[in-house]
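Notes follow once the structure below has been shown.
The chains carry the letters A, B, C, D and E, assigned in the order they are written, with residues numbered from 1 in each.
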Amino acid sequence: MPVTDRVKQIMSWYGSESPGVKANLVRLLNHGTLAGTGKLVILPVDQGFEHGALRSFEPNPAAYDPDYHVQLAIESGCNAYAAPLGFIEAVADKFAGQIPLILKVNNSDTLAKVDPCSAITSSVRDAQRLGCTAIGYTIYPGSPLRNQQYENLRAMIEQARDVGMPSIVWAYPRGAGMSKEGETAVDVAAYAAQISAQLGAHIIKIKPPTAHIEQAEAKKVIEKYNVPTKTLADRVRHCVKSAFNGKRIVIFSGGESRDTASLLEDVKQLAEGGAFGSIMGRNAFQRPHAEGLKLLQDVIQIFKASA
Amino acid sequence: MPVTDRVKQIMSWYGSESPGVKANLVRLLNHGTLAGTGKLVILPVDQGFEHGALRSFEPNPAAYDPDYHVQLAIESGCNAYAAPLGFIEAVADKFAGQIPLILKVNNSDTLAKVDPCSAITSSVRDAQRLGCTAIGYTIYPGSPLRNQQYENLRAMIEQARDVGMPSIVWAYPRGAGMSKEGETAVDVAAYAAQISAQLGAHIIKIKPPTAHIEQAEAKKVIEKYNVPTKTLADRVRHCVKSAFNGKRIVIFSGGESRDTASLLEDVKQLAEGGAFGSIMGRNAFQRPHAEGLKLLQDVIQIFKASA
Amino acid sequence: MPVTDRVKQIMSWYGSESPGVKANLVRLLNHGTLAGTGKLVILPVDQGFEHGALRSFEPNPAAYDPDYHVQLAIESGCNAYAAPLGFIEAVADKFAGQIPLILKVNNSDTLAKVDPCSAITSSVRDAQRLGCTAIGYTIYPGSPLRNQQYENLRAMIEQARDVGMPSIVWAYPRGAGMSKEGETAVDVAAYAAQISAQLGAHIIKIKPPTAHIEQAEAKKVIEKYNVPTKTLADRVRHCVKSAFNGKRIVIFSGGESRDTASLLEDVKQLAEGGAFGSIMGRNAFQRPHAEGLKLLQDVIQIFKASA
Amino acid sequence: MPVTDRVKQIMSWYGSESPGVKANLVRLLNHGTLAGTGKLVILPVDQGFEHGALRSFEPNPAAYDPDYHVQLAIESGCNAYAAPLGFIEAVADKFAGQIPLILKVNNSDTLAKVDPCSAITSSVRDAQRLGCTAIGYTIYPGSPLRNQQYENLRAMIEQARDVGMPSIVWAYPRGAGMSKEGETAVDVAAYAAQISAQLGAHIIKIKPPTAHIEQAEAKKVIEKYNVPTKTLADRVRHCVKSAFNGKRIVIFSGGESRDTASLLEDVKQLAEGGAFGSIMGRNAFQRPHAEGLKLLQDVIQIFKASA
Amino acid sequence: MPVTDRVKQIMSWYGSESPGVKANLVRLLNHGTLAGTGKLVILPVDQGFEHGALRSFEPNPAAYDPDYHVQLAIESGCNAYAAPLGFIEAVADKFAGQIPLILKVNNSDTLAKVDPCSAITSSVRDAQRLGCTAIGYTIYPGSPLRNQQYENLRAMIEQARDVGMPSIVWAYPRGAGMSKEGETAVDVAAYAAQISAQLGAHIIKIKPPTAHIEQAEAKKVIEKYNVPTKTLADRVRHCVKSAFNGKRIVIFSGGESRDTASLLEDVKQLAEGGAFGSIMGRNAFQRPHAEGLKLLQDVIQIFKASA
């Protein structure tokens, strides 16, 4: 499909990038129902690794099968499907060329008690041989293993660029000096978006920010300049602004809410706040098929309406 | 021998793999008494390294000799023989081409008190020069050294793939936050199978899962959805399902049971639960030769009957 | 422009360097209002990474935009603009060739509680592909991670030299054995300048030294030889002397002072003490545009007058 | 000299090895008084590094000189001379071709208090340029640094094999969970021999095992199966059996005993137990020259008689 | 100049070395007033890095300038000048070919509280591009970071050899288990010389040993064999003997003594004890120029007289 003005505008912010990386960014933006709008909805399925198959797939047992997810992503009109190595290997050949694939190159499980730092479980070379469009990498800003994670990400982005692949950063702040609610605090989420952008992320994924403010210095600034943080839309707006004044693509997860109404209300707030899209996993694949499909389509329509 | 429909079906789940890796997977499935059935019985002998020669071989002193094991594997009709570098070097030339060899590339001993993490004791290059068909690698999910193990495995699988060799993962959960009985809990064993599959293992080896449930969140899900975990067959079924809905080869060790009757009863439960086979070491080579041989043949027949 | 006698003199101290590195050092010295004077004023913007976008840019929201800073540096007549990877990527193509760019290759954030050591967030290769003139690297002398930082810097300088790029070292002493005020003590700041010079830095950036003396042995020497440390100019003179008797380029940050008068007074002292220039970030970009622009121009004029 | 039947038999156990490694193993077995018998006596001199020159050489000051040792090894008819880099460099050119040299590639000193792990102090490349026939490497099974040691050994053996050089492993169990007398316990010594063989050692050097049994599980097995451990010969027999049923060359150090009679009595027990030879350092070079020479010759004769 | 018999004799101890390394060793021995005598006096200036410029150079402010030192070394007739990267870079081009340069490739500062281990601050490649004749490397035997230091030294010596450059080891015992006075104890200093020689050092630099004996086992041996340790000459003799019976070049620092008479008395003792020379920094460059020059010349004459 031709490149729309909005996509051209977005791509203009990535002017220093190579044509190869730009081409794959355009591919992500030009696929699915939201093609050409500059918005993205991605189906990510790394919960099997992160929480176990039982907790992830038993609510909708069809989801034990790797085929299920990529089919759901295709059917619902998502822009892309993201998963760890095993799940991508299980479907890459069978569904080749049907939807952009994102290889989640690092992952964590909940069996071990370790400082926040995902293991690197696949490579850019894997992403290439499997026909992927981009790689995904999780960082935990606030972790005592921060340097190791940022440095591995740096190397990963460089390798991906060398083969024309953009990098998507999942930024989940956590660590010794941070309170539990601080992990999704508006100041912390916005800071994580800024760090990701400075690290060279092409697309940044954060959690919907809460009204909590974690850092004393941030609180002072928010109060002094009356930065709006009351509604989710306000907070999303601040996070997007923190990623180079909106010149980097920032997308948000669906959050903890479970009933469909409040979930869609949250998505509307994301869209209103200027989010570039959503990444929605458990809320989609843990519902019965028809319900999960409808939910993804509704989310996509909300972003389409806001484009 | 020609490739049977069942083997073709199994191979269809590995569609994204290279022809070289597929060829060696077929070689494993097409050797021995179980050739073509899609089932595998493997004789593994790493106990000399893991527990010392005395404890491993004194019960049947013929087993001190490296030749003993590979001969037993050939004679009994196993699909393959697996061992650490030294044992493979001792027989690779003499028995070349008589049975697929699996090089166990990492190993632990019980002399040192260290966090669970095997030392890498041989390489894919060793596997090649010794004419092996696959490599074997142990991970300890739950260990504080998880990342190091997963990352080394990732590199090892990539190197093995480059030379057309599949990778077999021994997944033994253990570590600081886990109870002793949790190491074989059904939720933990199934989780370990899922992790191994996501890491790109071609064949996954776990211990027979017990009815114990280790993780509180898992317990809730099992109760909510009435996941059957009462019989060993039930639990095996859950573990196999947890490995991509049965689309990855999962095999089980013989467990702790020592008298032949209960051991064979367990194997029947494994077969009933959909296990792809067994890996049986101590129970075979610590018995007098005729007895060990018969045991292996009986186990093989159980899987043959279930195929 | 032709090379002035002063620039020739400065370059004579770098006699052992390669023509490529020398050429880029001359480029830095020959750009902007201070071109040819041997003085430098650089606009650095890494505060988004180091403290978050909110604290850094909310005081002057135009500064959320990456374009803002490089434009300010160009407009004000600075010698160069320095920033982390993301900010440089955002402007390198659009403003190509308009001002020398310095890629800050390592960075820290304030979310994690870790020993002082910045993560390496970009590479010499990045600097090359983005058309940069030099790289910048932060060391924290006094940190328990000193060796790792010095060794990474060594490798970085070598790589940069290989492609004809000079290295600028930000030297910020801190660490377990050092008091908070010791971090800017005159003896410590001068020591940091000496270390940086010995490590092969082409340009050294330190904080304006205070009259505090941290080390007992240094105190004895200062008293015995009546080393003047009373005025800021005195202390700057000592720091410049400590960098190979003034034969390495040493520049200073603007310090903590916030009101314009005292800030400019400090800059005058820097100039009087023989500083080669200033590096001024927050004090410039956190002011309204016209005010920030004027401040930078005034600073530049002070150095011009002292040249 | 021609290869004897016994040497041919020994070499048959190393069938998977490359011709280059085999050739150098034969060279070791075919040198000196014991040539062709399948027995080895090696003079090792790493005590200068391990305990200092004073403690090692002052009892016989001629031994301060590096020439002394290699001359003693030649004169006494040893199979080989083993030493760290410096000592080998001091004599390799002067005595080139006169006796097989073994480069001890890792070493420890007693100045530092560290976990048991020798530093790698030379390389296979050094061994090559100095004309050595084999390398020697010390492991400390039981050490918390076990994995690092085994992994470095793995790499070293691979490099040595690539240039046709066999590897000799000095296996000295020690570490946090082990009692002092456990370090030479018969079960531990035998376990160390098994580990070394599994790691791919071509020749294994252990200490003469004592009657102490360290591990509770080992004690049970020894009692249950009446494994003889009463005489040194019994224990040596068990250790040799533990190294692939005697299919790996296992040699023993002279132990702590100092008076000649008891020392030679121990050597007789070693020979009776099936040891492939001895490695004798301090007991030889700390005696006056004539006495040390005679001792080595007597030890050699004991093994010759047992061959 | 032609090679004297004494230099030929010294070189005969390095028979296994490559012609390139030998050529540069001869260059060091054949330069300056002591050319051909087999003795060496070297001016080392790493105190700026190790203690700061203030403490090092304020006593004689001309010494702030990098040119000062190399000129002093040339003028006084030293064999070589040794310094860290920055100082060598500052003079290598200007004084090219006038005196052998030794690049100190690792360095420490006193700002950080860390286990004894210098950072690697330059490379063999740096030494080559700067026209150096040798590299210098500091080890701290006794440090918990011993292995890292020895292993890095091993790699450094190998790289230097590859380009025909000898390696000089500064051996300064210190660390957790050692008393302050133990660092210069005669047994410890001699042990450090032995370790350095075994590690492959071509020239060894230790501190003048005191009469203190640190290790209980060493004390027993010294007493048993009446090893003379009363005079400095006695102790120097023991240290030189400990370095391969005098077959490695061992040189000594000037020690702590400050008044010229006692300093020269010490040097006479060094010469009498068979030291191959001195390395004298602070005592030379912290004196006024004429005085420092005379001191160096006097030291050189003492060694000349003893040659």
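The rule is simple: a contact is a pair of C-beta atoms (placed from the backbone, for glycine too) under 8 Å apart; a residue touches a chain by one contact, two chains touch by 3 or more.
All figures in this text were calculated on a predicted structure; none of them were measured in a lab.
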Which chains lie in contact with each of chain B and chain C?
-> A
The assertion on chain B/chain D checks that the Cα superposition rotation, as a multiple of 5 degrees, is 70
Distance from the mean Cα position of chain E to that of chain B, given in whole angstrom = 58
Averaged-CA centre spacing for the pair chain E and chain C, given as whole angstrom = 36
Residues of chain B touching at least two other chains | none
Circular arrangement of chains, read from chain D onward through chain E | D, E, C, A, B
Per the touch rule, the chain D residues reaching chain B in their complex are 13-17, 141-144, 146-147, 150-151, 154, 158, 173, 175-178, 187-188, 190-195, 197-201, 215, 217-218, 221-222, 225, 227, 238, 241-242, 244-245, 247-248
Parts of chain C lying in touch with chain A, wherever the complex brings them together | 48-49, 51-55, 58-59, 64-66, 84-94, 107, 109-114, 117-123, 125-126, 130
